[in-house]
Amino acid sequence: MTLAYYPGCSMHGTSREYEESLLAVAAALELGLTEIADWSCCGASSAHAADHLLGVALPARNLALAEAQGADEVLAPCAACYNRLSGAVHAVAEEPGMAAKVPEVLGRAFANSVRVLSIVELLQGLAPVIEERVAARLEPNPLEHLNIAAYWGCLLVRPAAITGFDDAERPTGMDDVISACSANPVSWNMAVECCGGAFSVSRTSSVLRLSRAIIEDARHCGADAILAACPLCHANLDFRQSAMSLRGEPPMPVLYITQLVGLALGLPMAALGFERHFVDTQPLFARLAREAEKAAAAAAERDAAKAARAAAKAGAS
Amino acid sequence: MSVVNQPQRSGERAPDDSGRATAEFEPRITAFVCNWCTYTGADLAGTSRLHMASNVRIIRLPCTGRIDHVFIVKAFERGADGVIVSGCHPADCHYTAGNYHARRRFGVFRELLSFLGVDPERLTFSWVSASEGGKWADVVNETIERVRRLGPFDSYHGLAGAATPADDPFARFEMPAGATGGTAAAPADGHDAASQAPSGTGDAS
Amino acid sequence: MSRIGVFICHCGENIARTVDCGAVAEALREHPGVVVAEDYKYMCSDPGQQLIKKAIADNDLTGVVVCACSPHMHEKTFRRAAAQAGLNPFVVEMANIREHCSWIHDDRGEATAKAIDTARTIVEKVKHNKPLQTIRIPVTKRALVIGGGIAGIQAALDIADGGHEVVLVEKEASIGGHMSQLSETFPTLDCSQCILTPRMVEAYQHPRIKLYTWSEVEKVDGYIGNFSVTIRRKARSVDEDLCNGCGDCQAACPSRRIDSEFDAGLSRRPAIYTPFPQAVPNMPVLDREHCTLFKGRRKGLAKDACGKCKETCLKGAIDYDGQDTFVTEEIGAIVVATGFQLYDIGREQPAGLKGYGEYGYGEVPDVIDGLQFERLASASGPTGGEMLRPSDGAEPKTVVFVKCVGSRDPEKGMSYCSKICCMYTAKHTMLYKHKVHDGRAVVFYMDIRAAGKGYDEFSRRAIEEDGAEYIRGRVSRIFRDGDKVKVWGYDTLSHRQVVVDADMVVLATAVRPQPGIGELAQKLSVSYDQDGFLNEAHPKLRPVETNTAGVYLAGACQAPRDIPESVAMAGATAAKVLGLFSADELERDPSVALVDERTCIGCFNCEHVCPYGAIEHRDVCDMEGHVCGHVAYVNPGVCQGCGTCVAVCPSKSVELAGFTDDQVYAEINALAGW
Amino acid sequence: MSERALLLTHDGLATLVEELAAAGTPAVAPAWAGDAGRAAGASAAARETEYRTVSGAAELAFGERLPRLSLKQFFLPPTEVLFSWRRVGGGVELIPPPTDFAAQVVLGARPCDAAALPIVDKVMNWDYADELWNARRAATTVFSLACGVEDDSCFCSAVFLEPAAARGSDGRLTPVDGGYLVETFSDKGEAFVAAHRESFTDLPAGAGGEVLAVQAESFRATARERVAGNLAVDHGRLRDWLDHHFDDPFWAGLGPRCNGCGVCASVCPTCHCFDIVDEPESVGRGVRRRNWDTCQTCVFTLHASGHNPRQDQNARFRQRVEHKFLVYPLKFGDVLCTGCGRCSRACPTGQDLAEILADIDARAAIDAGAGAVGDEGAADEAAS
Amino acid sequence: MSELQDTARRLLDEGLVQVVIGWEEGPRGARPVFVTSAADCERLIFDARCVHNLATFLNPRRSQITALGKAAVVVKGCDAKAVAGLLREAQLERAGIVLIGVRCGGVAGEPATLAPPALSAETVSARCWGCDVREPESVDMLVGEAQPEPPVTADLDERVAALDALSPAERFAFWTKELSRCTQCYACRQACPLCCCERCIVEKTEPQWIETSPHPRGNFAWHLTRAQHLAGRCVGCGECERACPVGIPLGLINRKLQQVVYELYGYTVSEDPAVPAPIGAYATDDTQDFIE
């Protein structure tokens, strides 16, 4: 099984911390990601709106490159890229004539043999490994005290026919990853609602309204932070948060799923790119650390008391 | 069909095959159809006066599930150039599932026949419902045209020696004289070889 | 030797215009085995039939071929005529030279040649026709009705009133089914229990109805007219003969926190309970799963943990040690009326279903389904008919009704329309508005399907008189927002997103067949569709029959059905059953399969392909009488004559009368060299 | 018969075959079954041979493996038309097959195959002279090829023959340097040689010729010696044992292994049973044929009533042995076996006739109170 | 070897069976043997020459074998699959037989030799191509040492593909030539563990669907029917081809049908009798590309 990596434009740009944390996690888990050589834009939100064939061919080119370098699977961490790549796989497999047409316009062979993986599928599959590593850690784990809302957004799960998660309306994969990291998934209502997506610049007011509803619901349902798996979602929730007039509530940190896994694996904070966030994550982590210490102290006390009781009992007999 | 104007053919008629390898070739098609869908669909074609070629002879059976592969083999042995098997569409079987079973058996048998060199183009499998008189006419006409292009199936008819034993009752397959090479001259699915050497009769004597 | 008569019909000009009928007769006269061949203008006319009858008598015919129209048209006519002339009707066959010849060909020569071939083919077949006797099967004139809902009750009453005994089996402790749970019924708003209860009592007291509640069908053997049905009588722990229904045991039971099935989980009941006050029979059943005593026994406690009900019962009717028992009933016909269940859309779903987690059902207490609403609205319900929501008992001021939850949704739910929801949702809005005059009833719908007598008027009334707000569109998400239930939807008519802060949400969830329907279908050899509904024999012409002769369908086991339809189907099944019971013997087409036991090796390929379960295993014994093998036996009462068994028999040890291998071979042989 | 031997060189043989083909005289000879057989180092399966009409020397497989089927097929084809029939008016017209078969020649028959012909002749002319068999026999000249012995399953010497037996042959070829020494044993053989004299050469006069004659005799002697050790039985006591052990438990030991396929009969040069079938071709016409049959199948003796006098394979296998070594000998004073060993080689389950005969002979010896197996007196008696 | 012999001996000694069906050394190589006494168990062998499918001897109509009593039979993979076929078709009761599994690493293409040949691509039987059973699972006991995969040999699929690549007329010529040798001796049928009818269709008269005359017409009908009746049942043991006295490549037909039932219905022959055979079952969404 060879895993190719399709970064897409965001990973090298606005969401560098996503890529940094991804690569750190991939190294820690020995995933052996190979970036697709000479990759090009997947067409993002514009190509398929302009021309269907173009919208299929652009992602297909990258899949063809991955095929040529011998990959069985391609990881597309960006939800939009994942959506476009999966869409191309589906179109070529299902639409009459597409399997012949695409190689023709690409001018290269394309067998449509590569499986496109989202970050969630990848990490969900690795959840047992992550869980094992987390359990093996000796120091107190602050994440045990983290209540975090898994935010999927639109593009990872829709349309259901091409993405194929368990339930497009109530998917569970991210919760599994959260649990594997020993954090606590929050039951909330906005997991698959839209943040406003690509309208961030053109219709900022809509984006602010939509994203605010997401943050408010997360807080309302007891979340300390929101977990994202999409550069655009992260940008909207994190970067636009200061403009949301959140009624004096403290800001809500937004973490990438790879950052959470990195933390769980005990990777250094510095390797995970938290400093690139607009909402400061330090207060949250400081609080979690305190709680962890407190809990550890309490546990130690309990253990000591227990030992004393046992000793007393032993002495008495 | 040089006999068409001689309806007085006697019971022990000696079939006239002389014109069969020529341009006038009219294929003989045997159709095995189910009583409830295709037979009734063919009835409807009649009621609707849908004209079609007259080269098909229908054998009515209760269900495609009743149709055994030996029927098809025997039809070819008895001079059919093509065979139609037709019944109810999936889920429409009068007996619930006979057509599903037939579909499995004939899915396999068609491949088997093809592997042994019987051109699957000589076989038509179709679903024709009681309401599809028009489709039946199409199935008949298309099958006839397809088989007409393939030519007479003399290579199969001649496997036991003469294609027309009544004309040449002593034509027979004999291993010594014909030897293995001799009989292998007969096969050739229609087309050239068949028209040049309509049967293996010459080799035997 | 065969002596075949061939009779060629001109059908006026219909055949004679294209086919030279005289030439056909002349050709056939020369055919081996044909002793007479005649043509006539109208063979099906009385003189035509007389001609055939006379020829049969004069020539001592052994077989008759009528060359005329399709056998579907006149086979019966000519067979009857031959029978009148003393010939076995099954040695008469028709050669179709009209629909399959004269009507579809122009060329007179070609058509005549084809007519001759066709006639010869059938003559060759008839040479191998065997005289057959119509099969007669004795009929046990007792019916089994499975399911004691309104459909089952109605079917049982109709059959019993028709003079025959009925065994009515109900798996719950009381008959009544879902209809007993309903508050009012559309489109009349009459009280469900008021119209149902008298029927329940009537069924219970009917001298010809034998009622088994808390019972299930275990095994079905036999075939039409001659079923042998084993019924499992689940251990009730209450002696039905001793119990007088006083209710003391229920009052004494300390376990009182068990969700009531009757109230759809909206109220609690004890472990020993009568499902509802009007239950028939009015007799409790002990729920062993939840009973403290039985829990203790399962844990292996040495001493029984409870025993209050037994102590209380003055009649000594409580029996903790009773086990399931089995009774076998001899039955002639079976009516299946197992009804439906509502689609439980919660997060836990069986394989193949997804549910609707985004609607919060099962998580948000004020999101309920239609049956729960019925209980809330019912005077006999947990709130005594007051409209109070489950979470806090407050009166909901805004109620959202969502239709088509799980229906008409091939992506996530069922692809079919559940049919009853449009009407009951309209009814719900009316019941709600009649109880909460200042309340808002908001309905999200896809279409309003109100076809039925008085139905459209009824749903219009909900909108126009009672002011239900109908929004055409679907709901994307339902979640708790403080003490409100937030409903996100979309109005597809005005193209607006709609958000409703509701106090309660009622989901019209899809109608599905009862769990366990698949196992029952297998016991009965009845097929079912991909959704689990039982298949009727023909969707138009045999809607209450199944492909298993003697098994009939009533009500929602076949598809979503409302009450009038269920009752109508029940009446239809009763008519079928009474028709079957009207004669002492059943007549069947003798075109059935027969196994040659001398060569059958008992591989049972035939059994695997038989759609009717007509293949039985028969022991073969050696000279000393020891069983030394098995062969297949075709039950002629069950066989429908498809012949699939014949085709799969490797050694050709099965024959299908009327379409034997001999007959088919003769037909193929007759076509040689045409 | 022949005054003096001739030589058929390899070239002469090639010329002869070509000449016969050109003349339209079928020449039947052992030939490669497949193309691959000719290649050196081909696998045993690829080196299969068969008797067939040949048209060139390249096809010939002289001195190679024993042909798969015996020569029987050229006198009793696997299927053959007895007559055609058609309905005429109220009656049936029978049309018999022609029996004026054109002359054909067999070159290089195995002596054991050639010897089978006179053995079957006796059956075919016992109470009814089989026209088709006799006509083919009359039309055919058989030259055998002295055999170098196939393998350990050969036992011709135990059934009154030898690897170069002349029985049933009109002439014989024996391999010598450069070709084959030719002898003729009948007028037919003589006539054939005379008709194709130019293909044959005279033996070199003097020592050269003698050397070839010695070579030929040496070839035959080596073969005789080689086969002698394979099996020897005393047919007299064997027959006696068979006659008295119809119900012996011995037979129950043979049936289980037998598949009942009758491959042994198919490949046997002397098995001659046939089945008569009517095959309709349409309404009112058809063909009656006879086809090879075998007593080893369960339907061979199956009665219409369903009763089968040979209930199991034990009885059927006993029949095979008894027919060949008891019934036929009692009737015709010979054995219905030429020791070719094909049945043992072809049997899919390893049934071995030589082994069985040896076993019976040993039992017979015990019964007869004599320890010696295959005493010379019996062999002499048989040879005479 | 002694493990096999000991097992057989124990079964006979303890009276668990009355006969052990296995292989012994015969005059021309290995052959089936029916051992009825513990003393004779030393005759039992298993090596690459043991090609015979011993399930053939479990046909309940072989009364000369059933008369020997309850049987234990030595099975390699293909034999075990054939036993499963007989169980599936109700010809046997599992409790009525004892299965001694032998680990098998392939058998010889030309087994009639006095010593077992070393298996190589040249010597291994074509039937072993693609065989996935090193040790049968459905057995009561398993003997012998672990075996390697059989050597990769001439690919039966390649030969099938080569025929598939020809035109129908060329295939027809090929098969007419091959089948012209057939004498309808039915050795193929008798050697087949699954051809176990009391009366074969070819022996049924009235009507005689299959002409018993060995002209190619009768031969075509016979071989078409034999193959069709084995579709989805054939275990690929290759015994029919080995039994054929005139060398007809029946293995090609059987292999083709194995491919067809796999491609059309995803079926491969199973050692589990509970898995239903593909003919006699159906799925509503079976392929119907060939149906108009």
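Going by the order they are written in, the chains are A, B, C, D and E; count residues from 1 in each one.
By our rule, a contact is a pair of C-beta atoms (placed from the backbone, for glycine too) under 8 Å apart; a residue touches a chain by one contact, two chains touch by 3 or more.
The model shown is predicted, which means the values in this text are computed figures rather than measured ones.
Q: Does excluding subunit A break the complex into separate pieces, and if so which chains end up together?
A: Minus subunit A, contact groups: still one piece.
Q: Counting C-beta pairs in contact, does C-E beat B-E or the other way around?
A: Higher C-beta contact count between the two pairs: B-E.
Q: Pick the chain whose C-alpha centre of mass, unweighted, sits closest to the average of all protein C-alpha coordinates shown.
A: Closest chain centre to the overall C-alpha centroid: E.
Q: State the chain with the largest centre-to-centre distance from subunit A, centres being mean CA positions.
A: D
Q: Express in whole angstrom the distance between the two chain centres, defined as the mean CA positions of subunit B and subunit D.
A: Roughly 42 Å separates the two chain centres.
Q: Counting in whole Å, what is the centre-to-centre distance of subunit A and subunit D, each centre being its mean C-alpha position?
A: Their C-alpha centroids are separated by 84 Å.
Q: I'd like the Å distance between the centres of subunit C and subunit D, where a centre is the mean of that chain's Cα atoms.
A: 71
Q: Where the CA atoms of subunit A average out and where those of subunit B average out, how many Å apart are those spots?
A: Comparing mean C-alpha positions, subunit B is 64 Å from subunit A.
Q: Residues of subunit C that touch two or more other chains: which are they?
A: 31-32, 598, 609, 648, 661, 664-665, 669, 672-673
Q: Quick check on subunit D: which residues sit in contact with 2+ other chains?
A: 50, 78-79, 87, 279, 281-284, 289
Q: Listing for subunit E: what residues touch at least two other chains?
A: Each of 181, 199, 201, 209, 211, 213, 215, 218, 279-281 in subunit E touches at least two other chains.
Q: Mind pulling up the subunit C residues that touch subunit E in the complex?
A: Of all residues in subunit C, those touching subunit E are 598-605, 608-609, 629-630, 648, 650-653, 661-662, 664-666.
Q: Going by the contact rule at the top, pick out the subunit B residues touching subunit C in the complex.
A: Counting only subunit B, the residues touching subunit C are 1, 3-5, 7-13, 15, 17, 28, 30, 39-40, 42-47, 49-52, 54, 57-63, 65-68, 71, 74-75, 78-80, 94-98, 101-102, 105, 137, 164, 166.
Q: For a test of understanding, state which residues of subunit E touch subunit B in their complex under the given definition.
A: 160, 163-164, 167-177, 180-181, 201, 209-211, 213, 215-218, 220-221, 223-225, 227-228, 231-232, 253, 256-257, 260-261, 264-265, 278-284, 286-288, 290-292
Q: Could you please specify the touching residues of subunit E with respect to subunit C in the complex?
A: Residues 60-61, 89-91, 196-201, 204, 206-207, 209, 229, 276, 279-281.
Q: Under the stated contact criterion, what part of subunit D meets subunit E in this complex?
A: 33, 43-45, 48, 50, 68-69, 78-79, 152-153, 252, 255-257, 259-263, 265-267, 275, 277, 279, 289, 291-292, 294, 297, 299, 311-314, 344-346, 348-352, 354-355
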